[in-house]
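What follows is a set of structures for review.
Both of the next two complexes hold chain A, though its partner changes from chain B to chain C.
Up next is the complex of A and B:
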């Protein structure tokens, strides 16, 4: 049984594909950055038991780690309007990505903070650092460095998961693929290409995150 | 007025009464060594002096800054009291120079180039001028400990606490650290040490404090104490040390 591949449609849809890729990258970049910041906040709150944030974070983390991303997205996009909060597809997709990644990164970064040797904290306390100074100058970088591979994986997982946002018509890569496929009926070629693009994006994002880990977070000789 | 003074210091770990009313005076420029068996409270006493261990009762006063039953300006106290640890505790993500520069910059707001000058001077003082850019894991234990001493000195403390600073070192590296301490002592630095290096303690200390079951059991000039121990517990302790 021979299947004849036909990729002739690609040039016609190049613009749309580029748009979808851009959208997916945008979701990932913004979601990854804000999600990590939320995670840092959550990790601080939970590590130091900062009230009331520690309790709030605890509920939030449990809620988002134990429910499907698609349902979270639907709740935000279709549910919130009932409370008068009406979001565009882009806003809803970003919010869902940020909240989802934030929950996972809270736990990942918390693990990194807990792995900081107590002696380092005592050393900075002895030097009269405040708690915030200790956190910012002594704990944060070693903690992030320790969990960077896990955090990078989670960001890539979230990027791949963003394909679900096509379900609320957010115009990311999978949405574009569905659209193209509905026009040309070339399902195999369209999703083959989409798979290849996701794979390439994942590899590129991983490499980029590894580079950030090496140059921005890891130690480096003084410039 | 002594530089460091503790009055009726009490400390509990749960039900365990580890410090039972410690009264200790340390004069400026004095080198005081606290000795005793493990569990006698010597490390705990040292760690209360910069508030790493809270106290349940009594007062600590260092150069006019007081902690009363644990209440007081801890950060002001800590700026006057440097500490060096058994496990060095250098910041692993920073070079030796950055380790020394960080506290003056962060805590005192020293400008970067000024902090760098201080760091270079302090590293030179401990014989590591050429290691400014080395990271902790590129240094030997003895070198790391000397960087840790430089880091504490960069804050110009009034008194330096040394908590078994040679206990984690290979024997051949002990001397390079002790010679830095010896040099500090000769420059008039006020030092409070906990150590198992008895010979060194006898040699550099102005005052020896023997702790036994949470109390200062015997204290005085090291030579006299070693030659004429007045309590059987201290006599016993000396015997087991050699």
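Up next is the complex of A and C:
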């Protein structure tokens, strides 16, 4: 245990680290929001078997849940240019995050919708709820509330998974860590710091999502 | 690990000691070569395109072609001795070989132990890109996107000399850097000339031609210390081969690029 930690390099790279944290948060925020919206769309299509979306979503979900995120990322960044679709590393990273999270959240939210008792829906109809009201107040909102912890976990997992975007030169937190490590060779300190930052980010995102769940989704409708 | 290190250093000390005796014993290697009508040349067999084992199990590559060329000019037979980068200098200092042609760069430590000829092969890190892109110095990278392997020599050097408006995209390994260039994600890449040659050989998707050098470390023929007669002869042969275009042919064959004029 003769190792001496030396964090003197941190001030030199503070700007880069901040940039990396911002990049990772941006990926998570955009990826989380759009991915959840895709998931809601997919869950609705599949629950009500809306053609042709139900079939398309089914293929999409199977494809993205059964392939590695890194390969999806490579396919988008290195593969699509062959078809004339050239995305920057930021666009490619966002697209991969959205598509990946969208596939998982489709299944998570679909589970929530399926867990709504049929009797509840019939009851709302007998109370003269419009179709929209039934869908929103009796189905979607309670479903989201039920699966919110699972969805939050998936978003955090996706945030942590965004570290592989460093492979396509996206300058997120892991990229910055690898960059610093390749310059000062202080691998232990660099990754120690990075681990701590990821941990803090995960805790913050989890708390923020919990707050959103409590205030935005659980809030009772105004009578 | 420790033991093998010690063994290596012992072997090296032994080799150096023997080497000093050997050079006393055979004061003029060139005379010995002429007498035996054979020149023994150390070549690599694990470093394509400079030296590898071909389909016929014989060594083949840039260094082997140069070895044959030198033997031909000397008018002697050639005996190729496969070496690794770790044992090539001991082979020379112990008199087991007369020359080392093993993509060897020059550095002060090596110059203490052996002598070098004129440069016979280009070995450098540079910025590469499509043939029609006109770039010849770092300042002209302004506004361009350059791919590079993170933490490599070319990354460290390029990061110092590239203008701030140039975008350096850093990838995990050579493969990522090359793929990014081939798929058009970067306009240029910085890499080694050997890597660029290998890419040009394997794919026609997008060619790589050199724009400017980032770090230059050409290859030299290694000789035992003090063999001035042989050194002069080898230098003459290399000079002649540069003029006649014979060396350029070898460069085109193995590196898929003409010999740089300043080599």
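Note that the second predicted complex is superposed on the first by the 210 of 223 C-alpha atoms of A that agree within 3 Å, B and C clash if a C-alpha of one lies under 4 Å from a C-alpha of the other, contacts with A are read in each partner's own complex, and residues count from 1 in each chain.
Just so it is clear, a contact is a pair of C-beta atoms (placed from the backbone, for glycine too) under 8 Å apart; a residue touches a chain by one contact, two chains touch by 3 or more.
Note that this is a predicted model, so its numbers are computed, not measured.
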| item | value |
| --- | --- |
| First, second, both or neither for A:202, with chain B first and chain C second | neither |
| Which of chain B and chain C A:138 touches, first, second, both or neither | first |
| Touching partner for A:123 - first (chain B), second (chain C), both, neither | first |
| Contacts of A:29 with chain B and chain C, given as first, second, both or neither | neither |
| Greater chain A contact set [chain C / chain B] | B |
| Chain C-contacting residues of chain A that also contact chain B | none |
| Interfacial residue positions of chain A with respect to chain B in the complex | 117, 119-120, 122-130, 133, 137-138, 141-142, 145, 218-219, 221-222 |
| Contact set on chain B toward chain A in their complex | 50-52, 75-76, 78-79, 81-83, 85, 87, 89-95, 97-98, 102-103, 106-107, 133, 135, 148, 151-152, 155 |
| Footprint of chain C on chain A - complex, ascending | 77-79, 81-82, 86, 89, 166-169, 175, 178-179, 181-183 |
| Residue ranges of chain C touching chain A (in the complex, touch as defined) | 147, 150-151, 155-156, 169-172, 176, 179-180, 183-185 |
